[in-house]
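There are structures below to look over.
What follows is a pair of complexes built around chain A, which joins chain B in one and chain C in the other.
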Partner chain A sequence: MTRLKVKSAAVLGLVLITFMVFAALFAGVVSPNDPMKINLDDRFAPASSQYPLGADSYGRCIASRLLHGARYSLGIAALVMCGIVATTIPIGMAATYKGGYAERIFLWMCDISMALPPTVLVLAIMGIMGNGLANLVFSSMFSYWGWYGRMVRSYTMTEMSKGYVIYAITGGTSPVKVLGKHILPNIIPGLLVLFSLGIGDTILMISGYSFLGIGLSGAVPEWGAMLNEAKSMLLQAPRFAVYPGICVFLTVCAFNLFGEGLRSAFALTGKGVEYD
Partner chain B sequence: MTRDIVLSLNGLSVCYYSSDAGVVDISFDIRRGEVLGLLGESGSGKSTICKAILGLLDNNAAGISGSIALLERDITTLFWDERENINGRDIGVILQNPMSSFNPCMKIKAHITETICAHLLCKKRDGYLYGLELLERVGLEDRERIMESYPSRLSGGMLQRIMIAIAIALNPVLLIADEPTTALDTVNQKLILDLLAFVVKEYRPAMLLVSHDLKVMSALADHIAVMQNGIIVETGSKEEIIQWPRHPFTKELIAASRFMEVG
Partner chain C sequence: MLKKFLAMRIIHLLLVLIGISFLSFFLANIASVDPAEAYVRRMSRTADEEMIAQYREEFGFNQSIPRQYLSWVKNVVQFDFGNSYISGRPAMLEVVSALPHTLALSLLACLLILLLAVPLGVASATHPGRLADKLISGFSFVAISVPGYSLGLLLLLVFGVNLKIMPVVGHGHPLSLLCGAVVLAFPMIGMLSRLLRALLLENLNSDYVIYAKARGISKRNVMRNHLLRTAAPACITMYGQNIGYLIAGTAIVETIFSTPGLGQYALNAAINRDFPVINAYIVLMAFCFILCNTTAEIFGMLLNPAWNKESA
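Coming up: the complex of A and B.
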């Protein structure tokens, strides 16, 4: 029963994610209007066949802007996560396996990243390097790097003490093969959960920053930036804030449901795989 | 005579930085075709000696002194690339828990070809064929199916025999068997002991047999070294130790196992 619930939650998450990804990929095709086009005659237009969700205070189509916004939210989160995955996994695994100074330096790097609160760090980096998408991606990666690095290290350490890793070493398997063939495939399930939950966090964070006006300029149809614009007329037109809010909420929910579902799935099948 | 000596430990001491365990001043020689049994209770340092010989001790967690010589070559501290050449080729290993010693994500054929191809210049296909041959040598039937199976599909006894097959694959000069029968049921224990006796007779490696089980010792060992709290308290031939034990700890061990037999 619980298994079924867990499964359906994960499937729901996956369906939502797929939907979001398609929206992002085909935003140019499916959106009814140009998301940037200002049409002053249609300011505050209600929902109609021309504007499915109405038009905002500049007369821009809200539905089109939300669809294009998926590109920014998912795209930036994916970039940040890819960057973190591509650096923490190889560096973390190699440093942990090597031990000694390599591991200590890696831990220092993680500690530096973890010691500074992400928001402060992002504000500082953006302040120094200037506003812009690339800087936003870079600074978010930097500020979250340590957390994921630590997790990769702890997963690797758990795996290194397993019998089959020791047995592989006693058979003369090279360190690269031990890491790539014995450790990595066995820590991937855990990391998958971690990173899919991480994407949800990152989306929320990026939206938060653009709500504060960091990273993306106001004209860009990013969900957080749309919320920022909507807040000045929250009383006159609350729907301007509700639509992007729902989008952020659903996307983050989808990734969390999916991640939690994966976690439970691995924990359940884990009993069958456990070999001791 | 000295030319026959395969493994020679001279004053080996290991201390762990974080615990009291470890071994002090361990010295013994093992000759070709000879089985030395390390007998002792859990925590007496038997596995530490195996780890030291295999270079598995973490330099950051343990200090090591004395020397370990394999065929008169000092292998106490080696870089990983030299270690890689020795482990698996010159030293074959049989570990105590076959169920957890195989990677659950890899088929048996991958385990076998991995060790063979790590040391021999050969194709995967040749490694596979040689693997089939090895499985026959350790008395396994239905070999193609075993090669394609994941470890979780096979029994502990089968996995232990596969481990022995991998250990003898490259005709090592030294075999280390760390509690080879502990995790198995009685029938499989008998099978594995017979198989190990066959391996010693046929391939004549030097063998370091680690066990706390007197039955295993009397079945395989030529000489026995009794360990307590990290030191060797008594050494001698199998008959000497089992029939005329001198050290009180040895007497206690043997009395205890007699008691278990009689019930």
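Coming up: the complex of A and C.
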């Protein structure tokens, strides 16, 4: 019974994710209007066949902006996660396998990244390096890097103490093969859960930064940036703040549902994955 | 053992601070903006090369990077981060003077977390699978998924715009402080109550709990003396880490409820690229964060019976 429920939650998450990804990919095709086009005649226009969700204070189509916003919100989060995955997994696994100084330097790097809460690091790096999308992606990657690096290390260590890895090493299997063929497939389920929960987190974080005006300019139809604009319109048109908020909430929910569903499916204990 | 742990922690803190100082220096030097030029252009409209060169000399930007780094470290050890490029006042003073607003928000949020997360976690674990558990689990899930700025704007809309019992702009009203704390606490309540539930359920069927029940100890006492005690170390470690995140994560809340706290101050410094203030902010935050984590870890260790036995 519970198993089925967990499964349906994961499926619901996956359906929502698929929907969001499609919205992001085909935003240009399905949007009714140009998201950047300012129509001063249509300021605050109510919902109509031309503007399915109405128009904002510049007369831009809200629905089109939300659809294009999926591109930014999902795209940036995916970029950050891909960067983290592509660096933490090989470096973390290799350093753990090698041990000694390699491992210590790796841990020191993780410690620096974890010495400060992500918000502080991103604020500081953006302040020092300047505003911009590339810097936002870099600083977000850096601020979360250590945490994921440590998780990769702890998973690798658990596997390395198991018999099959010890036998493989004693049998003369090359390190690359031990890491890639034996350890990696066994830590993938845990990492999949970790990173899918991480995407939800990253989306929240990135949209929070754009809400503060860091990283992206207000004209860009990112959900957080739209909320930032909506804040000054809160008295006149509170609905402007509602739509992007719902979008972020649903997307984060989708990734969390999917991640938790995967965790139950792989029968991983809650402690090891989320809170270790 | 505790002394050794503390000594290790202090060494760790120093190493991390050294790493961070390298990093902030390295980044400042590869950044495309020349701080002296930025400063001069802000101070006067008719900035020329001569003035920029003069300021470069005054701030020491024309020295070699290792030299600049050393002189910077020498000042920082005496808590002198230089003057803010914007206001001209000492950066450390500015940052510390913004701290009280942020601390008030964070402390209230900490209190809310403690008051709500523990009962929710316990209630959820004592009725697993029942309606209460489902409701609480649903609430926790929503709490960790809802964006803070949405919740903040919603509260502002309800209390500020519709009910008009709180100023929409301007700070100091107790209700806006409370709303800010709620926004800060919300995701942490979800996380902590989930962790507590998982830890309690894990031990609910363990031998020592069954034995305690068999001895006729009331459910209430089993929960208080056995289950909660076992769950405490992990929860306290997480709670301590959360306090660090809370103090750091106030920028959004402060923007929404117009509180002149540290988060907003740092945000402005970042947007204006006020390097001394940013550096002072980083070091202060690193200190707060590591202090909170270490305190929580020490409490966690002291509460852990296995560790007590080892040290005795």
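Rule of thumb we're sticking to: the second predicted complex is superposed on the first by the 267 of 276 C-alpha atoms of A that agree within 3 Å, B and C clash if a C-alpha of one lies under 4 Å from a C-alpha of the other, contacts with A are read in each partner's own complex, and residues count from 1 in each chain.
We adopt the following convention: a contact is a pair of C-beta atoms (placed from the backbone, for glycine too) under 8 Å apart; a residue touches a chain by one contact, two chains touch by 3 or more.
Quick caveat: nothing in here was measured; it's all calculated off a predicted structure.
S.K.: Look at where chain B and chain C land on chain A after superposing the complexes, then choose clash or fit.
M.R.: fit
S.K.: Would you sort A:L204 into first (chain B), second (chain C), both or neither based on which partner it touches?
M.R.: So A:L204 only meets chain C here.
S.K.: Tell me which partner A:G172 touches in the superposition: chain B (first), chain C (second), both or neither.
M.R.: first
S.K.: For A:Q236, select first, second, both or neither according to whether it touches chain B, chain C, the two together, or no partner.
M.R.: It touches nothing on chain B or chain C.
S.K.: Return first, second, both or neither, reflecting whether A:N186 touches chain B, chain C, both chains, or no partner chain.
M.R.: Touch partner of A:N186: chain B, not chain C.
S.K.: Under the stated touch criterion, name the partner, chain B or chain C, that contacts more residues in chain A.
M.R.: Per-residue touch count on chain A favours C.
S.K.: If we overlay the two complexes on their shared chain A, which of chain B and chain C does A:S161 touch? Say first, second, both or neither.
M.R.: neither
S.K.: By the touch definition at the top of the document, which applies to A:N131: first (chain B), second (chain C), both, or neither?
M.R.: Second partner only.
S.K.: With both complexes placed on chain A, how many Å separate the closest C-alpha atoms of chain B and chain C?
M.R.: 14
S.K.: Which residues would you name on chain A as touching chain B in one complex and chain C in the other?
M.R.: On chain A, the overlap between the chain B and chain C contacts is residues 275.
S.K.: Looking at the complex, which residues from chain A come into contact with chain B?
M.R.: Against chain B, chain A makes touches at 99-100, 162-175, 177, 181-182, 185-186, 272-273, 275-276.
S.K.: Looking at the complex, which residues from chain B come into contact with chain A?
M.R.: Residues 54, 56, 58-60, 80, 83-89, 91, 93, 95, 97, 99-106, 110, 114-115, 118-119, 151-152, 163, 166 of chain B touch chain A in their complex.
S.K.: Would you mind writing out the residues of chain A in touch with chain C in their complex?
M.R.: On the chain A side, the touching residues are 2, 108, 111-112, 115-117, 119-120, 123-131, 200, 204, 207-208, 211-214, 224, 227, 230-231, 234-235, 238, 241, 245, 248-249, 252-253, 256, 269-271, 274-275.
S.K.: For a test of understanding, state which residues of chain C touch chain A in their complex under the given definition.
M.R.: 12, 15-17, 19-20, 23-24, 27-28, 30-33, 129, 141-142, 144-150, 153-154, 156-157, 161, 168, 194-195, 198-199, 202, 234, 238, 244-245, 247-249, 251-252, 255-256, 263, 266-267, 269-271, 273-275, 278, 281-282, 285-286, 289-290
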